[in-house]
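Lettered A, B, C and D in written order, each chain numbered from 1.
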């Protein structure tokens, strides 16, 4: 059994993004998905700071600090892209116009609750950005995360213990060990890495898991 | 005693519009005020259909039916004017960014209630447009109207009998016989046409009137 | 390759359905998508709810829809215009229901729908007939009326130019309700006078980003057509 | 003749006062009016409430205001950035109060202030810490939080170009909060890289109409200044 690399996870998520989708990639890990979107298909990347049709990172010589993504990294604009203000940007996000957003997470519950903005530690300085708007605004919310923390605890949980970002909002989790569909009835495994078994996944996560694996 | 003509009334209102004011002139009578604004001063006319910096009517050869005022008459755009959508237009109007609007009226009460959109007649087809937004949104709401109806009834009333446009919103009435300031304490006369007396005005209107006439 | 441009106006409105709620841009004639409305008539859909500033005048546009008796309800601000005889006839006959909305509340309710708000407290209309029966609240010493979003199945919009991703620019005061209706409808259909190659529209000056547009179709401007005839 | 252009940045901020609520545009560095903020420091006003997306990073802009201990409260979405040590120090010392707001609710509350709404029901944050103690309501099967407008005494904004009537255009993603903050503040003060003659800005492409702007001042772009130094 081999964990998927972050690059492999990004490539896997990219495969599920259809042509024509309007997509917001959260800061951090999900940003890498952009590198795996097919060049010959039109996928529209939105950034909450007022960009639609975001392109790849520029060459060092072409960096423009007025053209950055939500993670404050330099980006480019595709031909056909546009700029707009924060009101219109969150109209896109909160108004249900974004087809897919992909977010990182501290925890996701089997029914799709998301915790990704605050560890709840008393001395932490909280920062939320656009996470709560994306969580409840996008038509589909995907999470991309390692299934286990560094100390081996499952980030897919029966109920989140960290402060919530949104309720019942995540429809799918792409992890390094398996892919899960979430919903009111709980979590279903739709893919696993080679050598993984449902029983092992149940053991690692400690949550009830149904199988929705495609026949091989 | 001589009633002011409509042109004289328009000119009189224009005199009270200071340079730099953002102004919306209601459809009908108030539209004529534009003809009397001084050419050498910057006064900004807004039209609710998405124009700021409206200029005078075009020559017949220059009519553009994409450039009309709220009364659907062709207008022009001054150098420095701009176009915007209805959301932004009513942000200007409802958000308190318009300094002065001038509206026509069926009735105005002495405390500034306005009735100008509906006679209340059971067979009338009502139409409201932007009147209610202007009535409560502009910093100052002026009314321009004949003081009496054709049958001699006062349009300045103790309380409106027609359906209201807005409550306690009119601060001043420019009529053909006198100018009134309105407020919570009632109506005060600030100007009268030559030969008019307070007593005659009280008789014509049937409402209590204080004097705030400037010493001649 | 995503190409939202349809070859014919009939194709652009093919999935309209009876009972649909349709937003229609325009303030008077400016920005009114007459050709798309004619396509609705040709399509045959009926029992429609129309959300628009006016209720048509003369013999074209919304007036033609009314004449054809396809409209069950009109939500608008100003149905009484010069030559709004088709609205008047249908209204007096009881064929058409009218929901009259102050213009700023119409805009705010369309924007609430587009931006995912559940309701807004607006000061417009407080204490008037048009707020009768509505919930009110005093906030910071001012009175407000609670107004709910207006959603639509379709928006029919007229713009000046667009590209295959659906980016739009408008022309002068014909912009009016177009940008906010495009945000509020499930399916936004646009007639443009000009088609542009992708990238020809300046990203700084695009008024409606393509995310809000589903289909567009080129319609030769009426004046040019008339001149050519 | 109306001329909103001020000759000096000090003149542009001369009437700031202690205790003022100030909106500051920018998302990260893009659109952040560093020179106007420096003018606030030079002016001396203190006990300020800052409404902004971030709470500064490095040594300039909002970070410099924090370092100078002029800020009593920050209303923002993302105070934790690389090099946000000045915020962190003031926050941990209890010198600065933090009101953390989801970014879309910050935008919606600023827009509510600008457009005269009394409050809005937003779905964002429902069921989270950031909605604790707030009024909620179920509307059409969905849960919403009631959020109130954020008004400001001043907005400090960076734009690309402007004219003497206050019309503005922005540059790329530096537009961000500028247009909506300009609508929401009692007095809007703008630093622009370029001044234009009246009429040079295309009326179709003006992003902020002059009605929302009180003063503007030209500030040589930092990069150009650095290159010249």
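Just so it is clear, a residue touches a chain if its C-beta (ideal position, glycine included) is under 8 Å from a C-beta of that chain, and two chains touch if they have at least 3 such contacts.
As the structure is a computational prediction, the values presented were derived from the model and not from experiment.
Between A-D and B-D, more C-beta contact pairs join the chains of A-D. With centres taken as mean Cα positions, subunit C sits 29 Å from subunit B.
Taking each chain's centre as the mean of its C-alpha atoms, subunit A lies 55 Å from subunit B. As a whole-number value, the distance joining the C-alpha centres of subunit B and subunit D reads 35 Å. Residue positions 77, 83-84, 87, 90, 94, 137 of subunit A are each in touch with at least two other chains.
Of all residues in subunit D, those that touch two or more other chains are 108, 111, 115-117, 122-123, 170-172, 203-204. Of all possible chain pairings, those that touch are A-C, A-D, B-C, B-D, C-D.
Within the complex formed with subunit C, the residues of subunit B that make contact are 47-51, 64-68, 72, 77, 83-87, 89-90, 93-94, 118, 123, 125-133, 136-137, 163-167.
Contacts from subunit C toward subunit A in the complex involve residues 1-2, 111, 113-117, 163-165, 167, 183, 198-199, 201, 203-204, 206, 209-212. Residues of subunit B touching subunit D in their complex: 19-20, 22, 40-42, 44, 46, 52-53, 77, 79-84, 87-88, 90-92, 94-98, 137. Within the complex, the subunit D residues that touch subunit C are 108, 112, 115-123, 137, 139-140, 142, 144, 148, 169-172, 202-205. In the complex of the two chains, the subunit D residues touching subunit A come out as 27-31, 77-81, 87-88, 91-92, 98, 100-108, 110-111, 122-130, 143, 170-180, 207.
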